[in-house]
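As written, the chain order gives the labels A, B and C, with residue 1 at the start of each chain.
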Amino acid sequence: MTPLSQLIEAALFSANRPLTVEELQTLDAEATLADVRTALDQLREHYDFDQHAVELVELAGGWQILTRPAFAQAIEQAQFAQRTPRLTGAALETLAIISYRQPVGRAEIEEIRGVAAGGVLRALQERGLIEVVGRSEQLGRPLLYGTTPLFLELLGLKDLAELPRAEELTIALQPPRPAEPEAEAGADAAASVPSES
Amino acid sequence: MTSPGTSAPQSPPTAALGADPGFVVQLDSFTGPLDLLLHLLREEQVDIADIPIARIADQFLSAIGQLGLNQAADYLEMAGRLLRLKAQMLLPRPSDEDWEDPRHELVRRLLEYQQIKEIVGWFERCAERRALQYPRGYIPPPPELPPVPLTLDLLQLLEAVQRVIDGIPEPVLHRVVPRPLDVEGATARIEALLADGARAEFNWREALGPRPTIVDVLSTFLALLELAKRGLLHLHQPAPFADMVIRRDTALAAH
Amino acid sequence: MTPLSQLIEAALFSANRPLTVEELQTLDAEATLADVRTALDQLREHYDFDQHAVELVELAGGWQILTRPAFAQAIEQAQFAQRTPRLTGAALETLAIISYRQPVGRAEIEEIRGVAAGGVLRALQERGLIEVVGRSEQLGRPLLYGTTPLFLELLGLKDLAELPRAEELTIALQPPRPAEPEAEAGADAAASVPSES
């Protein structure tokens, strides 16, 4: 273990979310981003080589230490830790629409699902899985929603580009707007969308 | 969306609507009318592109017979759509080339919804896999740190002011312009309610129409005042802030 | 790493409290208490020998994996460095609304920005830029916020009268109306009229 790998291990152990390479860089004023990536690689290989019960996982744009799937059953049976509660069908459908069409307003979500969406949107916002990313230019300036990094964390995705592409789905219906993998651009993109249509 | 109390009271469809006694579905397990519809199509093993509308519409109605009121609006809207389609399918077709399939829009929505369901399945598998990995359970409390010196200048604040102003929904007045008051439409709705001889009085909200906007409320209100002035109805309010009750003028009833 | 050490590592990592030897024994029906102690020793030695940033610690009658004290300072510094001296866009916008409309309640701020304001208000209060200045007479007597002397100090202003005028923010919004007027509100307003006639 190099000193930087040690620092990174300590930081990842102390955080309750994935940490980005940039955040990890602040641990050592001398370290470059490349140094951080090398140290992350060393740490990951070390966990694998020594057959630790934990592994280094790239998640939601950052890195996190998680237990390996093989130990899930033992942890659950012993009840030392609790599983994250599952999402309801309504919540998953709403997330599916938002993740592919963000930034998207409530009316469009309701049209696709054929059901009022106010309650589900509020619940998803409270769980931190979606957020308001802007306002539409349309009449009444409705709020537009997008997914958060926590959504990626929940699904174990690195970024939105990992979502299956429309062509990969059996039902080959093109969504009106392709999924934009740039999560960060959310707020700015939201403002510019109506001018495209 | 469905604010209870504002739309006309809708009684849930009863078992009388062509119920098949052997057919039972658990509505709680569906996420909405499209989900239920897809389930029925799968049960019947029919092609989405060629839905036997009459049969499916009947099954849909019998399935929602057991609905709770809070979900009713979404399902009833679909039921209405299916019944309209059923009627359209019975119309004579001009010729096969000119015939535009009235089911087209429903098929498009079902396919779109099926695509969403497929993504949901993918999400569930991802979440299931992710749930097999646990993060660290004990997170040390964050250290108490001295406050970071803050930078703030007037320009930053004024830029924020501009962003807030830009984000404010247009003033109400501007939004009224494309939808002017529709007192005539409201009058027609009220007269239709008055024409129902079975009831002596009704709640004024029944005259609002579905999903009323402020403009609808104002239109209805003006129409009510006008009709009351003309002596066609009586308005009264049982208690302060209670809903207005509309009563047919007895003279009119005799008429 | 033996299979039992792996199980113990997974359990100690995912648990939010120290686990006793007896609790750890439940992970493997075949294991004796002595086996668990041996595996714990192996795990501790492994962390020490490989110079991991974490160590196995016995405390409160149980065992826990903790980061070594040597890294505490580096992590604190990094967490400090990650805190920016700049306010977020959301914080600035909320501050803008409060500075021009004080005293103002949370509901009104949320109505104008269309986003929940609880977290931002807390952050601004912690930074000493806003404070509670009273309670509204409205139902539920919500708290009203105003800016602090520190706010003026940072902007280099003598008093609030020195703020440039932003009439749209002070006047045009009055009375604030929701983006989508709820039929309920309209109905009540209208319903109260006939009592005058």
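Quick note on the criterion: a residue touches a chain if its C-beta (ideal position, glycine included) is under 8 Å from a C-beta of that chain, and two chains touch if they have at least 3 such contacts.
Please read all numbers here as calculations on a predicted model, not as lab measurements.
Peer 1: Compute per-chain Cα centres, compare each with the mean of all protein Cα atoms, and return the closest chain.
Peer 2: Chain nearest the overall C-alpha centroid, as shown: A.
Peer 1: With chain centres defined as mean CA positions, report which chain is farthest from chain B.
Peer 2: Measuring from the centre of chain B, the most distant chain centre belongs to C.
Peer 1: Could you tell me the distance, in whole angstrom, between the mean C-alpha positions of chain B and chain C?
Peer 2: 35
Peer 1: Could you work out how far the Cα centre of chain A sits from that of chain C, in whole Å?
Peer 2: Those two chain centres are 19 Å apart.
Peer 1: Centroid from C-alpha atoms only, then distance chain A to chain B, rounded to Å. What do you get?
Peer 2: Comparing mean C-alpha positions, chain B is 31 Å from chain A.
Peer 1: For chain C, what residues touch not just one other chain but two or more?
Peer 2: 10, 13-16, 67, 75, 89, 114, 179
Peer 1: At least two partner chains per residue is the criterion; list those residues in chain B.
Peer 2: Only 134-137, 140, 167-169 qualify.
Peer 1: Can you tell me which positions in chain B touch chain C when the two form their complex?
Peer 2: Residues of chain B touching chain C: 3, 5-6, 134-138, 140, 142-143, 145, 147-154, 156-161, 163-165, 167-169, 171-172, 204-205, 208, 211-214, 216-218, 221, 235, 237, 240-244.
Peer 1: Can you list the chain C residues touching chain B in their complex?
Peer 2: Answer in residue numbers: 10, 13-17, 64, 66-67, 72, 75-76, 79-80, 83-87, 89, 92-93, 95-97, 99-100, 112-114, 127, 129, 151, 154-157, 164, 166, 168-169, 172-173, 177, 179, 181-184, 186-188, 190-195.
Peer 1: For the complex, give me every residue of chain B touching chain A.
Peer 2: 1-2, 31-35, 73-74, 77-78, 109, 111-120, 122-124, 126-127, 129-137, 139-140, 167-170, 175, 178
Peer 1: Using the touch rule from the top, collect the residues of chain A that touch chain C in their complex.
Peer 2: 1, 6-7, 9-11, 13-14, 23, 26-28, 46, 50-54, 65, 67-68, 71, 74-75, 77-78, 80-81, 125, 132, 135, 140-143, 187
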